[in-house]
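Handing you a structure now.
Which chain is which? They are A, B, C and D, in the order written, and residues in each are numbered from 1.
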Amino acid sequence: MEKKRMLKIYHDMLVIRRFEEKALKLFEENKLRGSVHLTIGQEAVPTTVCSNLGDDDYITSTHRGHGHCIAKGAEPDKALAELMGKATGYCGGRGGSMHIADVTKGNLGANAIVGAGIPIATGAGLAAQLRGTDQVAVTFFGDGASNEGVFHEGLNLASVWKLPVIFVCENNQFGISTHVSISTSVEDIAVRAKAYNIPGTVVDGNDIFAVDKAFKKALVRARKGEGPSLIECKTYRWYGHWTGDPEVYRTREEVEEWKRKCPIKRLEKYMLDEGVMDQAGIDAAHAEADRIIAEAEDFAINSPEPDPTHVLDNVYCD
Amino acid sequence: MSVKKYAVAIRDVIAEEMRRDKDVFIIGEDIAEQGGIFGCTRGLLDEFGGRVRNTPISEAGFVGAGIGAALAGMRPIVELMYMDFTYVAMDMILNQAAKLRYMYGGKASIPMVIRGQQGIGRGNAGTHSQSLEAFFVHIPGLKVAMPSNAADAAGLLRTAIRDNNPIMFFEHKALYASSCEVPDDPDFTVPFGKASVVRPGSDVTVIATSLMVSRALEAAEKLASEGINAEIIDPRTVLPLDIDTIVDSVKKTGRAVIVHEAHKTGGVGAEIASQITEKAFKYLDAPVERLGAKACTLPFSLVLEDAVVPGVDNIVEGAKTVLYK
Amino acid sequence: MSVKKYAVAIRDVIAEEMRRDKDVFIIGEDIAEQGGIFGCTRGLLDEFGGRVRNTPISEAGFVGAGIGAALAGMRPIVELMYMDFTYVAMDMILNQAAKLRYMYGGKASIPMVIRGQQGIGRGNAGTHSQSLEAFFVHIPGLKVAMPSNAADAAGLLRTAIRDNNPIMFFEHKALYASSCEVPDDPDFTVPFGKASVVRPGSDVTVIATSLMVSRALEAAEKLASEGINAEIIDPRTVLPLDIDTIVDSVKKTGRAVIVHEAHKTGGVGAEIASQITEKAFKYLDAPVERLGAKACTLPFSLVLEDAVVPGVDNIVEGAKTVLYK
Amino acid sequence: MEKKRMLKIYHDMLVIRRFEEKALKLFEENKLRGSVHLTIGQEAVPTTVCSNLGDDDYITSTHRGHGHCIAKGAEPDKALAELMGKATGYCGGRGGSMHIADVTKGNLGANAIVGAGIPIATGAGLAAQLRGTDQVAVTFFGDGASNEGVFHEGLNLASVWKLPVIFVCENNQFGISTHVSISTSVEDIAVRAKAYNIPGTVVDGNDIFAVDKAFKKALVRARKGEGPSLIECKTYRWYGHWTGDPEVYRTREEVEEWKRKCPIKRLEKYMLDEGVMDQAGIDAAHAEADRIIAEAEDFAINSPEPDPTHVLDNVYCD
């Protein structure tokens, strides 16, 4: 992998990690409401995937979308402001954590409805095909989402129309409290690619190199107009489904074991071993991420609340 | 002007808009070779090729695809073979198409038309004969048109395709074969939110939508023969609703009857009646009379269907009720 | 009598009915070990094992499974984590559960309860804060309950589980933590179609549902301090609707205000206002005032949400409007 | 196959064939309205499948449901009366061709919504499992239906809960005018069984022995509580999707070729060759079917229209 991209992935993973740690702190201080779904532990997938995309490529995201939107170019300050429902947030406080979008950057939006991003991304791929560009659309979704009807409909449609869509399943092994083995009839969700006659691959979702290799393959196929692919990334969320989750469904040991598989630490070890970066560089990267998030916090906290007299704006456009 | 069938008027507008704007395309079930089971896309495949696509039977998936294409800058037209099938795509329509722009803080738009036919007329029974416009009026973010004749179908559809918002366009299966004069102007549009006074009158205001407009006109003739002069108003779009034209008429007549094919309970008639009462309370000589389908599933049998959906005689009675005759 | 939280009252009724009738079972997302994300099934797995099942995230599929089990003689309770998700199961609810019995000529029945919470209160934003009862009132075949307190929740839910028809049971997320005296009688039921007069009064009738009942009571106190005596009515079920109790009250007060959390446009308030006007026209001193959510998606920000959903002051104003004060 | 069952299948195929020929005639004489979907050419599947079921086993059917309902024990007279919307029809004229049900015979109903019968049958299987009986539920659906979200949701649910449900796909190669190759991303829909970790089989749907063999296997598995199966039966409808279909999507030759594969003629040849039946027996069977349908026509034609004053009955039950 080119060093530049590796450093970008590393930087983005750190920013996402710090962003969410900050969001959690603000939530615990009651400075932030709603359901905040933390993606901590899963940072490798969005960062690696998006490092392969341009601003004119599209993504759709989920309720657990902070990673996707930051990796696709969202500014942490406006994102954090949105989590706080401030006027300066991406959605001006209308959408909150689960609806951050930035169409100018190709982010067609996080989505609070499980699976809903799948057909939407399929349509973005259709737009690219109709315009004859080599743009691609990537949709991120969870293991649980793979049991929704729209998963089936989206993949079938993308396959029969050979659309440039890449379906990226982040299998963190749970849908809220429900283990994938209870909700999902196959051990590897990637197997479902067979039902649509498209390639399906399983990768270690905490290994940026594995994710990168599989995604690049799908990307070439999509850009060449050969059709969609399904990539399943096995990963794990460290925190509860949402802030306040009793986590009755797993043991502390299981969580600790996965923390040892931290995608950030793993990349740091690689970079140190391979001499890509020294400890000073790593410390500097951490300091940089801390600074960005500290500034984002200042910005968000000092931003005004939305003006209720404008609550009816933007229901329609002209 | 040329005399055109309702279905042909729709087909011609789709073709003209696809010629005018290459971002416009259409997807749906059996719309390509078949030209749609009601013929509204007949011939389009030959002219526009891949911009006219048959979809798998997966309405949530292809309505969702329409949303994604619209977010990505295209102007999709999505045909639902029956608007009853909005039920299987409801999340895509009401949580996605209707809400995304607002939830994204106005930073996106979804220029999309979801169109298809609804209503009675083919003996398709309960799940293929409904009138569902009320749902799309209740949840903010959509616009809702329901043309009652070929000219309005053409003018409203062109407005819909050129609009930058998601539109629910309710055609009526029993009107496809009806015809009237339609302007040839390729820029002929009928604005949303402008009701048409189909028949001027002075004694009672009858607000009718879609197929019920023709029944209201028939009823008006019967009433006229009894010396009752009914004014008939077709809102044409129920969202936005041209309440001013309706209220002005009611202020003149003091009496109003609303008739739609959808179920009376919880139908658009309740909203219109409430707005009339709120805005013209002092002018009303009688409570607004609402006519709509009875509170049962639409039955297959024609004799039963006739007993459920408002007919000409029900409208005549309704007018007499508010006239205390 | 014991003082119980709304969520606990629901949990206890489900448990008691599952003990009483082995045909009753419950399925839904995260209802087993987790006991439901709002705790309405907490502990049931231990007692009832396989009759309490976590479903995959596939609402149309498991609502459909509920319908099939009901047709086959069972009495399913289907929990939707958020009633907003009725959108992805809408065909199963409105074309199947609501219609099959009628379309089959009365030769089948579907004793099923679809229950879950709706409304504001958790900052879940536009797709997780809606109030959707109006849809299920418009399409015939269902019954629709929306309890405003723990006792009604218990009594109405038991009635629902024992009813042989498909029931939409709308709990409210902001009420789960509220508590009141609940009868211990394991046969305690609250009938459908019987409104409760929550506060007797003489000057104005306020019809309020679900979370709005408590706001209406607060408003009534403010109004009382200004010498206005409001009568507050909670319909408890909007289908069947106890219009008689409402009309009797309006005939007494001559004035009515309806307040619900659902969007005002096309909401149940329009139906109730129309029925009041039809049945008590001569008694009305002012047009019925409707209060409901403004015509925009429910915003995430609390200050914005407060600007969209009716509050105590809006209800006070509404009462004064119909009193011309 | 036991002779008794073979003769039952033969009889039912003949009755279904004559029933639909009569329905078509009545439609052309304008004595019958609505959309009548003929299953002529596909009779082997419903008759063979249902010959393995008892009245306490469940089925759900489709818009093309005459075959299923007659094979599951519906009386042709009441069925034809329903097609004519008469008071004496199965639904008293409320449902028509697409909603014939007879719960007492285990027929949970035809369904005008494509795919809707799939989760409903899954629920009937759940009922059997909860009650601990060995009942099974069979759902018939078309190739087009296999692209609907409820197909995915139903099969996944049946698999994770190991429900006694048999998913029978009648692949007649078209959804209205759309060829399966345009709508469906796999050549064999049975392949989709892999996405749910259940057995999937493709059979010649015009061969009662092939259908029987595959179905029996699935039946044993279901009754033993081992879970669902997917069976794809390749077949073909001779007539248009509905009466009045221009059939722009296929050639007359293709239709003629399939008519030569008539499941009824095929069974007759087998029975003659094997001496199961002689020509006299075949003639008698035809005469018997003709008589049944002639009586059904008399019954339906002479039945009264429904009484409109009772139109609001049966919205609810007590």
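By our rule, a contact is a pair of C-beta atoms (placed from the backbone, for glycine too) under 8 Å apart; a residue touches a chain by one contact, two chains touch by 3 or more.
None of these values were measured; they are calculated from a predicted model.
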{"item": "Third chains touching both subunit C and subunit A", "value": "B, D"}
{"item": "Of B-D and C-D, whichever chain pair has more C-beta contact pairs", "value": "C-D"}
{"item": "Centre-to-centre distance between subunit D and subunit B (centres being mean Cα positions), rounded to whole Å", "value": "36"}
{"item": "Distance between chain centroids, defined by C-alpha means - subunit A, subunit D (Å)", "value": "45"}
{"item": "Averaged-CA centre spacing for the pair subunit B and subunit A, given as whole angstrom", "value": "40"}
{"item": "Per-residue multi-chain contacts in subunit D, two or more chains", "value": "91, 93-95, 99, 113, 147-150, 152-153, 156, 160, 182-184, 315"}
{"item": "Multi-partner residues of subunit C (each touching 2 or more other chains)", "value": "55-56, 58, 60-61, 85, 88, 91, 95, 102-103, 125-127, 140-141, 295-297, 299-300"}
{"item": "Graph class of chain-chain contacts, one of line, ring, star, complete, other", "value": "complete"}
{"item": "In the complex with subunit A, residue positions of subunit D that touch it", "value": "147-153, 155-156, 159-160, 182-187, 191-192, 194-198"}
{"item": "Subunit D contact footprint on subunit B (complex, rising order)", "value": "29-30, 33-34, 37, 54-58, 60-61, 85, 88, 122-128, 294-297, 299-304, 306-308"}
{"item": "Complex interface listing, subunit B residues touching subunit A", "value": "25, 50-51, 53, 55-56, 58, 60-74, 76, 91-92, 95-96, 100-109, 140-141, 143, 164-165"}
{"item": "Residues on subunit A engaged by subunit B in the complex (per definition of touch)", "value": "58, 60, 89-95, 99, 101-103, 108-109, 111, 113, 116, 118-128, 130-131, 137, 149-150, 152-154, 156-157, 160-161, 313-318"}
{"item": "Subunit B residues touching subunit C - in the complex, by the definition given at the top", "value": "60, 84-85, 87-88, 90-91, 94-95, 98-99, 102-103, 125-127, 130, 134-135, 137-141, 239, 262-263, 265-271, 273-274, 277-278, 281, 284, 286-290, 295-297, 299-300"}
